[in-house]
Amino acid sequence: MAANEKILEVLDLHVQYFTPRGAVKAANAVNLYVKAGEIVGLVGESGCGKTTVAMAILQMVQPPGRIVKGEIRINGHNIVNLSEAELRKVRWRELALIPQGAMNSLNPVLRIREQMGDAIQAHEAISARDLKARVLSLLNDVGLPERVYNMYPHELSGGMKQRVCIAMAVALNPAIIIADEPTSALDVVVQRVVAQTLLDVKKRLGVSMIMIGHDMGLQAQMVDRVAVMYAGNMVEVGPVESIFAQPLHPYTQLLIESIPSIRERKPLKVTEGLTHDLRNPPTGCCFQFRCPRVEPRCLQAQPAMIEAGPEHLVSCIHYQAR
Amino acid sequence: MEQPILSIQNATKIFGGGFLSSSKPIVALDRFSLDVYESQSKIITIAGESGSGKTTLANMILGFTPCTEGKITFNGIDLNQMNGEQRSFYRQEVQAIFQDPYEVYNPFFRVAHIFDMITRHFKLARSKKEAQELIEEALNLVGMRGGEILEKYPHQLSGGQRQRVMVARAYMLRPKLIVADEPVSAVDASLRAMILDIMLRLRDTRHISFLYITHDLSTAYQISDLMYVLFQGTTVERGNTAKIIEDPRHPYVQELIDSIPVPNPKIKWNMNIKLPSEEVMRMKNTVGCRFYPRCPKRMDACTKAFPPMVKVSEEHEVACYLYQ
Amino acid sequence: MTVEETVDPKESPATRRVNVWDSPWLNTKFLVGGSIIVVVILFGLLGPFFWNTELAYTASSPTNLPPMWMAKGSPEHPLGTESNGRDMLASLIVGIPASLRVGVLAATLGMGIGVLLGSLAGYLGGWWDHVIRTISDSVLIIPSLAVLIAIASYVQFPDTTMLALVLAMFAWPGPTRLVRSQVLTLRERGYIRMALLSNVPPLEIMFVEMVPNMLPWLAASFTGNISGAILGATGLEALGLGPTRVPSLGMIINYAMTSSALVRGMVWWWLPPILALIIIFTGFFLMTVGLDEIANPRLRGYGNGGK
């Protein structure tokens, strides 16, 4: 597999939720790719569409939502409009999900060995002995001791359950793992242990990841590239170093400035923040209501993504050549 | 010496373990003490992770749960022995903001209902017009206008707006103290600063103290004056916020601060923190230091008795035998 | 904001379906059940304008006439008559509302007592809770029909109101338990805490803050209780223990039984009241299930729409 091969490509994705009071445009013309062995962070505030994009990649958008337009390619094959049977093969084998609050999704009456075994057996024929060896090696991969094999979820702490979910996600060697806030609701020390586990697994298995999150600190620690979403639009994508060193889009700048520091005390940066109704977006840039640099020409159309540096794309009129 | 308005003395809360219950008692909060003075308005952080007892403390101060041992007094009157009038006065003087700014709205009513309740039951205004003015003033303080939000339903406001309305509501009562239980945890990162800034302004211009209950040491560092760090119900370090964050002494606080992800991709975690096995983690040390099972610097003395508070510098105390 | 702006015309079927999903009150089961009950009520309400209800009393008509579509049937008594000279159509027009009335009355009373006691038990807790729970649990395990029969054989009920009152004695423990558990969960809610911090007195918290949020649960319990009370009343009447002057559905069954309608092949006598009961029960059952789904989104088979 070539290092720069694009495992996953999202092309011009539009997702809308059809409510009685109009269609909620949860994702507009989103473009994103993930290369082999890379972690892409997907950030933005709640309701910005990051989970919607993840669900669309997995073809799991819940009604009344629907993919209106766009393609999702895995290893070059478009999976939008595949039949449910074909999709089942793609999910888990190619794509795995660590859902938000995954640790609470474990079945309380099944032992860990049964939960993990069932997930594997549902997708491949495997002998009982091989299955046990496989589950044990997966537990080992995520740094859990062997005795977890026979335990029930309630006997495990939150961090351990989260690691079981990671083990289940990698069980079928997927090409891409989508992790939706994999460490939220965990204590900060445990969060660090789980984050470490994820990085470790990624390195060992060479799997690619999309990590959804809102904690910019965690993103800085974990991901290779960051994709910033605002109100259903992708506003900036770039390598993590350049996003943190030189954020271009005013919204990204705001996000980075508003990270509370534990290193120095500084005055708070206060901004008004009212996002428009996603059913009725304004003409022009999606960030116009909150942008400190808004100009009349911003109100004409959503700016196209332009390349501002190597792999660094931004959707802001201020970086367009006049 | 000035008497504290709110004084928490050895407040302890034990759940379960009644003589009919089969479960072992759980000490949610162990001998917590804190004084709040009227003359100096301060933001006091109660920091801790899940299970640290910080929410139990908030519930005790707000009168939702009684202390098992110890007491909380307000102007010298025990919270559990207040008569109706005293309680009503206490409610006006000690208010609260909660974590989830959606949960605190009754979905059945418009936003104005929040203000109607307090104007009626605390008799804040003699006329409708006076009430309107009070509400408008409180809303203006948090950067909102009544006409825009009062007639809306809570779900029509954004998370940040809902929380600001709650701050305005608390402010309208002109309290001495606001218990803010994770007020910004459910608010988007880019809007947190606004809520925190309002808290700072209320402290400085209206002399309202805050008990800022949070798991987030970074925001606490930015806004608070004093800090109490809790671990499994016990106070492990307390004092000046900056001193604790910049020079943490307790091994737990050190581990905590060290684990906060640095928002700089160039400074990566110094990897491989190891937590002890689950059995060790679950083994609650109920006699000595609660952190003993996880502590990298544990000693035999730690299991014998709970370490007393030691003063390590001015306004900085730590409960750890390392500094004895 | 206009919908036209955002929704393509060819997508409107999807939007219409979404509409139904969006308002929980537009639950199919609830609507179908509700329509059935409305039709039944209209039958009772409008019937007297189209048919002479005096014919529901003894000796007002010729005896033992079959329905009009059978041999010897007559259009003057379209559903036939029975052995005591009652017209069946008139009996149903009078009997259906009589039975419904007993059910609604008993359920309303039971509900009222339940809301009051349940809120007290859940809200005040402690001693109140213990006493109320003990009594309601005890009443719940008493076989109500047996006790009713015992009572009814001593006291002859003068009218349906009296019957409803006695039935209500057994209709309150269910709502009491329901309201108590609801109050217990609501009490931990943020908005109830806010009300407490706003110095709102307990009664106002119960009835202004809590009860509106319990409406779907209360409604589901209410419709369920109506069927229960109708069943109880019909049972007593069929045994001949009900008020004898009013021809309720149970009374018709009782007369049919005592006059051996079954053996004599007088299907038009015993079947119509049973059919009416089945229709009524089906209607209330569907309403109850629908209301349950409305109150409990998880039963609706999709989430809250959150992400």
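All chains are identified by letter, namely A, B and C, in their written order; residue positions are counted from 1 within each chain.
Note that in this section contacts are C-beta pairs under 8 Å (C-beta built on N, C-alpha and C of every residue); 3 or more make two chains touch, one makes a residue touch a chain.
Predicted, not measured: the structure shown is a model, and the values here were computed from it.
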item: Remotest chain, chain B as reference, centres from CA atoms; value: C
item: Pair of chains ranked first by number of touching C-beta pairs; value: A-B
item: Distance between the centres, which are taken as Cα means, of chain C and chain A, whole angstrom; value: 51
item: Centre distance in Å when chain A and chain B are each reduced to the mean of their C-alpha atoms; value: 32
item: Chain centre separation in whole Å, for chain C relative to chain B (CA means); value: 49
item: Residues on chain B engaged by chain C in the complex (per definition of touch); value: 62, 64, 88, 91-92, 95-96, 98, 100, 102-108, 114, 117-118, 121-122
item: Residue ranges of chain B touching chain A (in the complex, touch as defined); value: 49-50, 143, 158-161, 188-194, 196-197, 200, 215-219, 221-223, 242, 245, 255-257, 259-266, 268-269, 271-275, 277-278, 281-282
item: Contacting residues of chain C [partner chain B, same complex]; value: 189-191, 193-201, 209, 212-213
item: Touch list for chain A against partner chain B, complex; value: 45-46, 145, 155-157, 159-160, 187-193, 195-196, 214-221, 240-241, 244, 251, 254-256, 258-263, 265-266, 268-275
